[in-house]
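Two complexes follow with chain A in common, the first pairing it with chain B and the second with chain C.
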Partner chain A sequence: MAELEAGSISMAAGGGGRLRNALSGMLCAFALLLIGVLAFSIRLFSVIKYESVIHEFDPYFNYRVTQFLSKSGIYEFWNWFDDRTWYPLGRVIGGTVYPGLTLTAGTIWWLLNSLNIPLSVETVCVFTAPIFSANASWATYLLTKEAKGHGAGLMAATILAMVPSYISRSVAGSYDNEAVAIFALIFTFYLYVKTLNTGSLFYATLNALSYFYMVCSWGGYTFIINLIPMHVLLCIVTGRYSSRLYVAYAPLVVLGTLLAALVPVVGFNAVLTSEHFASFLVFIILHVVALVYYIKGLLTPRLFKVAMTFVLTVGLALCLAVVAILAALVASSPTKGWSGRSLSLLDPTYASKYIPIIASVSEHQPPTWPSYFMAINVLAFLVPAGIISCFLPLSDASSFLVLYLVTSVYFSGVMVRLMLVLAPAVCILSGIALSEAFNVLTRSMKFQRPISDDTLPTAGDSTPGSSSTATITTSTKNANIKKEKMGTISKERSSKKSRKETELVGSSPVRPEKEEKLCVLPSEASAMGILFLIMLCGLYVIHCVWAAAEAYSAPSIVLTSRSHDGLHVYDDFRESYAWLRHNTEVDDKVASWWDYGYQTTAMANRTVIVDNNTWNNTHIATVGTAMSSPEKGAWEIFNSLDVKYVLVVFGGLIGYPSDDINKFLWMVRIGGGEFPHIKEQDYLRDGNYRVDAQGTPTMLNCLMYKLCYYRFAETDGKGFDRARRYEIGRKHFKLTHFEEVFTTQHWMVRIYKLKPQKNRVRGKLKLKLKSSSKTSLMRKGAGKKNPWQ
Partner chain B sequence: MPKDAGDAKLLFQSLNKAYAATPTNLKIIDLYVVFAMATALVQVAYMGVVGSFPFNSFLSSVLSCIGSAVLAVCLRIQVNKDNKEFKDLPPERAFADFVLCNLVLHLVIMNFLG
Partner chain C sequence: SPLILFPCLLTTVLSFPRRSPPPDPHPPIAMAISPRLLLPLLLAAAAASAFAGANDLVGELQSLRSRSPAGVIHLTDTSVTRFLSSPAPRPYSVLVFFDATSLHSKTDLHLPQLRREFALLSASFHANNPDSSDLFFADIEFSESQHSFSQFGVNSLPHVRLIRPEHSRLADSEQMDQSHFSRLADSMVEFVEARTGLEVGPIVRPPLVSRNQMILLGLLFLISIPFGIKRIMEGDTLLHDRKLWMAGALFVYFFSVSGGMYGIIRHTPMFITDREDPNKLVFFYQGSGMQLGAEGFAVGFLYTLVGLMIAVVTHLLVKVESLQTQRFAMLAVMAIGWWAVRKVIYLDNWKTGYGIHTFWPSSWR
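And now, the complex of A and B:
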């Protein structure tokens, strides 16, 4: 009878529990939907403030490739040889581009168009990044749920939706590889952790396929294929080997290597470069360990010891032989088998010594301390709490998260661009920390409610009553001391205090619930704690929205500035590309510094000499040398490359700081790296880079100076350069081998045409006379009035 | 040395005895694994004789053998009744996962074989 009653009561309770489960599931799904909407809409500031346009430089290349894909289909795309860039070398696009992003956007465009929703390719490209950031926050929810449960998952997803460092590379319009790659990264990690937790081969297959998507999308896939082996090694070394680990790792290595070799840009590098050797090494180690465990299960302990000694002697000898062969192979290559970019990550000084192009990109510089607070803000304080929370209790998933955080912190310290890889790790750990803190504080408040007097007996009947009350009083005493301190605490220290509370509560190891109920804080303290945490989150949200709106929404193809008479818009770049598009022949070649290559081919549709891909250092050095040479030398170089137009970016009239004069020293360095007659010291006066009257003659005579400052003194009479903030050195000069054909409204982009050689030379056979009369004729030609002015 | 020899013989005998006690289905899977590894070794030896061109064919065939071996080992882990972690996984599900993973593996192999 009693059992029947108990059974019916439990059934009713079970029914109520089921209803509550269903309700919580609905709430969770609704929250996820809202998180997705938040992630999408916070990235739309640039579309609202400017227009739906593609930003920066690299996205223009991706946009052009996507246009080609949508026009010509996938077979043409796969075999595309582009002859409109890196003239006269061309570029094999099918084999050197990471196709993930373009294939994704192309698929979305094709799908929408086949459903008769006629979105243009540009619209799809602009909005791909926000869509995939919503997907990334859902993937973060799944990953954190595997480690710590639903609450932590939702918290981490919300934080990732807004974190500024991820926003910086995925605003609407930033159509770059990272937009899809971060989603693929988090999703691959989620599937790996899921396989580790469940041991299911199905998830292992999905993991390999998701890794394939990541390899297609971004060169940063080497991070995954080195982090996962590191984690497997960690698990083995800390004694957490299990058969689930084998199922999680071994199929991934085999399938993953094959799938990575399928992508043309990776190809055989998947088995030949040092970046992948770690995975093979750990593969072998895993098999050895698995065999050892298997034999241990078969034999008695004494015989097992005998077997171990036998195997160790043979195995060690074999191992040494293999390692010797491998070391010899690796040492024979000058870079020890690593690619240049990976080596510059491991040794931060490598790039500045050997590969000046990698060192010159501003994204590849180490970050400063303020950039950490700009990028992840409040989360920098919450991460240590998250690390501690991961250790209580330590599971495979939480050890993976800690390892991911530690490695990504190191890499983000090497290169600013890799703060992006740090962002998910930081969000997950702070989500865990915040969720734990809220758990503890709300539980304290719940157990202190005056109506719930049944909690005290439950706390008491699992332990002797006296000890529980004694511990409660000691904890209240601690909390009282904390309460006095709290009155004087300002907002910025609230996070530290809540971290201390979490430490105090969490430091007791997680044994059955009697210990948890003993560490209960007084309800006022927990209420204040919750309030402060919510204010902290509010500050974070304010910072994220400000960063998204003000700092990261600039499309950098259109510049704006505010002054006392309103908003100025500088649309000079597009003006110049449009001029090129409409006023030059289709086959004309345009030479400029490599920054503007992608934009020129995409918007102006003209052939360029060098572009942002920077795969051929000698070609870039040729252009750099031409820019650093005097007019005649530069004309010769450009003529040999069939160049018709030269484009320079000049910011002296409006004070634009990233113009070619400020980048000029890099041109000299890169040119001087290949052509020794260009020496950097010739362009510096006492080690300083100046273009005023103190500038060296080589500097004031070189092509870049002349093309930037030609007729600049006519603007204000004195030639005051607003970007450099002084008057220029050489004010009035004429161009002999180039003629100016276009200057944009604010003088930001200046286009010059190469003058053709004279047909007929006056004067007779003496070579000296001919050359001198040629130059005098050309000088006379330059005196003619420019028809464009 | 004779003690070592005696120990080694005792070792092999006890290994044999313990292995003989494993169920037949697991022994069949083990045979399959040995067959796959032997095929891989034959291919590597062949490559040593005739050279590694075309490299993609060699890579895909060797990785196909290794992959089949690895997946069979995963199947063995999941089907083994002594394995406490997988005791509520029905062997049909394990086999279905095995088939799916093999399907993906061989699809990739076919593509990469050239």
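And now, the complex of A and C:
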């Protein structure tokens, strides 16, 4: 809470002499420094509790790309064709990746190394996210300061530094695009609002550059390029057009679009896809409006009316023509120019109906109310107050904040992942709400004291007990003092205001209005109120620290579980990847479900068939089909893809719930989407995927079942699956086309090798008949049961 | 789940009096022919009549179809016997939707909606296969065709059955299961395509507004633009009313944080009845993966309430003259706020089971 106090102090002290200004500036800077330290250090739980390691799935890919970048240089990176993934198709990395994160970390690494600080690429990658969280909280300070002053800014920055929703994507080791993108997002918004307040072309240019950085970093940049036009339109419609608005918007569209087109992964999409059309439309409208205002300034009111009709007709005609062209363009593309993800935002039920691969990702599900409480905690209580504060008074900046909140809260309702975009808005608005509440309450305590006002009273000095008695007994006497006070305050305010206005040329008209009378509350109640608010903040801090330490620090590559006999560590993933790296040929192909593609390429350095960049649905469906086919069919599919090893993740022995059997429904669903001979009904018993005795024959005969449960009954004799909590259906069987080569300590990862094709010998049939070995009989039997043949 | 066993329906079906079988539509034609020729002629005639009969039936069905809205033929007891009880290899399949007007008011069965989707399926099939006589769509109503309901053995709704050419007994026909209602017409298509091997083609949904209405709306919009712009320039529209914007923003916030979108996407009900005690309603669902409508809105209300109260204190209450009013109002606000925050924290812990705890230095313990 140190920052909070500093915030209110700096607010209170802001008005005095130069010394006081300098002091408040220093305090503010110090508070910001502390906020940065807080934002950085709260994200280190993962390193302390586990180790300095890259987390989860996508970060491994980013890490691998960064390694390549640091080894081969930027030009090689730009032209990198990766043949280790999506075999046999490969993937053009340079042109399909958002390079912002990689370039940032690469630059940091290069800078440190040229300063002779020999950090490894991995270390830099691990700590990129915490560093940028500190940046993000400073950017939040700047943005909020533009709308509501220093106090609110500091409060918002403090809150953002530890908001769980943001921590979840930016703990140390979570080396993903969002880590830098949220900073870029807030900073772009800050520069936009700054330009809007100042009308300076310098900031407008910076804004375009910042937007460029955002486009480099994350696909979420489309949120910016739709939100800002919406705000511009809102300003125009509510009669808030000004030249500052023009300066803030027009350069952003022109420069921003040009710069965005430079990023290979965006390219001509910056002008061709529907996500960007809103900005162009608003660009045109803005020009029409600007012209109208210009002419209005030139002409007399009567002439203006004539001209107005003329301009309206011409402008409308132009607009209509453009709209018609845009509509034709949009209608000509099959998805109406929108990408699937954007469409599912506009029509929330879209993804669940048409795109299983988007609907299958858990972070694309709609959140429930506990998700909000987990992600923003008590801030949810404060935001409505923040919204109302932004309307009293409404300025360009505060209307932007409200618009940002409203759009992002709607989007977050559709997709839990976008809670991340909501977090800054929530922090800013609750920062404003808290700051206003503290402001009112501390003011109430400060100004009801019947003491002369030479001393500089701060919130800390006033003792509630004495002030309350004083107020009650001398309330009539106070009137005079109050008036005096009011005079000084309004003087302070006005001097501050005039100074501000000389700074901000043609600043927006709305500034804190002069107070008619001193607005205070009873001081003892205010003291209680402050206490309550501090308790609320305390709850927030407790929740955030808990979330950072317990909920979001697990790297998911190493698992731990705490039981009565102590801590267990499951390091099976790295064990299996290390086995692959050391025991297989460099060019061997490994097939697994797409979730493990990035990790396999990064940690085992082996070629994979599909990975987490789900760009080719057919290829994924092929792997899904193989996994849901019986052994022979699967072997044929894998063999045709040159696969040597198949990797499955199995949680039945230790009760790890997110294993391949639980993901199996998506393999069937995605596979069946492309290859109709895979039918979901064949795997379902009463609408459920079951692998116990009630499981369907197709289910108990498919490759995924066999690879997961091969020899499983030998472990406890019964084959009790701890992840699904029942005994499996088929316990003893042999593999005909695959052989087990490696199973990790806790059986979490099992690796199988494809058996080589049998030589075609003459008289094989006779031999077989003679030997009549058990295995061949078994195979024949299995083949007959097989519904596919 | 929309499938609800309906005891009253079952009993009505069982207690229905048996009707005499309807007259045979094809009386024997070889009456007046001498007995010597009888056997070969009879054989030939029987074959011919069966063939011609089948053709007749197809023709009849086609004409019925062309007269029915969306091509869904309305069946009654007589027509069921006529079209579906004919000897086994019929040249057509029929997909029958079992409807009951009396149950349309039961919202959890979604009968009218499913009936509309069924019509859509039928219309799309005919649009994509204009002359097909392989598959017909039909519906049948409970109150007028109770006999057929019992013949099919249907005792719960919603119910859709496919009678394939080779089904000789009505009860043998294949029932479309629940999973195929889930995505309405789109999933029904999958069922039809999987079981009949016929291509249904894309579902053609009628646009919300017809083309002419669209043009009219477009024209109205174009005409209104200049007036709108004039009003906006003058600055006296609803858009300039800040209170409206504020209320809108607050509402969107309230709706989103209460998980309203979850309800829309997942079609969750406001509340459910308790499994053990059907008279008890469950408003709060334990488990973080799912929420009911009512609990979401209740918590959303608490979120918004506290925020609004803080705003009232900081912006409205400060302007009140009377100290006493201020004091009481603040006390009330703090009490309610305290209660609301506690309530939400309690509910969250109860629902998710997270044990949120502090991290004190270990020496303090």
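Going forward, the second predicted complex is superposed on the first by the 667 of 789 C-alpha atoms of A that agree within 3 Å, B and C clash if a C-alpha of one lies under 4 Å from a C-alpha of the other, contacts with A are read in each partner's own complex, and residues count from 1 in each chain.
The rule is short, and it goes like this: a residue touches a chain if its C-beta (ideal position, glycine included) is under 8 Å from a C-beta of that chain, and two chains touch if they have at least 3 such contacts.
These numbers come from a predicted model, not from an experiment.
J.: Counting only touches as set out at the top, which of chain B and chain C does A:Leu418 meet: first, second, both, neither?
T.: Touch status of A:Leu418: no partner.
J.: Which partner does A:Val97 contact after superposing on A: first (chain B), second (chain C), both, neither?
T.: In the superposed model, A:Val97 contacts neither chain B nor chain C.
J.: Where does A:Ala626 make contact in the superposed view: on chain B (first), on chain C (second), on both, or on neither?
T.: neither
J.: Considering only the touch criterion stated at the top, classify A:Ala602 as touching first (chain B), second (chain C), both, or neither.
T.: Neither partner.
J.: Going by the contact rule set out at the top, does A:Val282 touch chain B (first), chain C (second), both, or neither?
T.: A:Val282 contacts neither chain B nor chain C.
J.: When the two structures are laid over each other on chain A, which of chain B and chain C touches more residues of chain A?
T.: C
J.: Just chain B (first), just chain C (second), both, or neither: which does A:Leu382 touch?
T.: Second partner only.
J.: Looking at the overlay, what does A:Met155 touch: chain B (first), chain C (second), both, or neither?
T.: So A:Met155 meets neither chain B nor chain C here.
J.: Residues on chain A in contact with chain B in one complex and with chain C in the other?
T.: Shared contact residues on chain A: none.
J.: Please give the residue numbers of chain C that touch chain A in the complex, ascending.
T.: 178-179, 183, 186, 194, 222, 225-226, 229, 232-233, 235, 239-240, 242, 245-246, 248-250, 252-262, 264-266, 288-291, 295-296, 299-300, 302-304, 306-308, 310-311, 313-315, 317-319, 323, 326-327, 330-331, 334, 337-338, 340-341, 344-345, 348, 351-352, 354, 356-359
J.: Under the stated contact criterion, what part of chain A meets chain B in this complex?
T.: Against chain B, the touching part of chain A is residues 199-202, 204-205, 208-209, 242-244, 246-247, 250-251, 254-255, 257-259, 261-262, 268, 271, 290, 295, 297-300, 303, 306-307, 310.
J.: Quick one: in the complex, what on chain B touches chain A?
T.: 7-8, 10-11, 14-15, 18-19, 55-56, 59-60, 63, 66-67, 70-71, 73-75, 77-78, 82-83, 85-86, 89, 94, 97-98, 100-101, 104-105, 108-109, 111-112
J.: In the complex of these two chains, what residues of chain A are touching chain C?
T.: Residue list for chain A touching chain C: 237-239, 312, 316, 320, 348-349, 352-353, 366-374, 378, 380-389, 391-392, 394, 402, 405-406, 409-410, 412-414, 433, 436-437, 439-440, 444, 471-472, 475, 519-522, 524-526, 528-529, 532, 536, 539, 542-543, 545-546, 549, 551, 679, 681, 684, 687.
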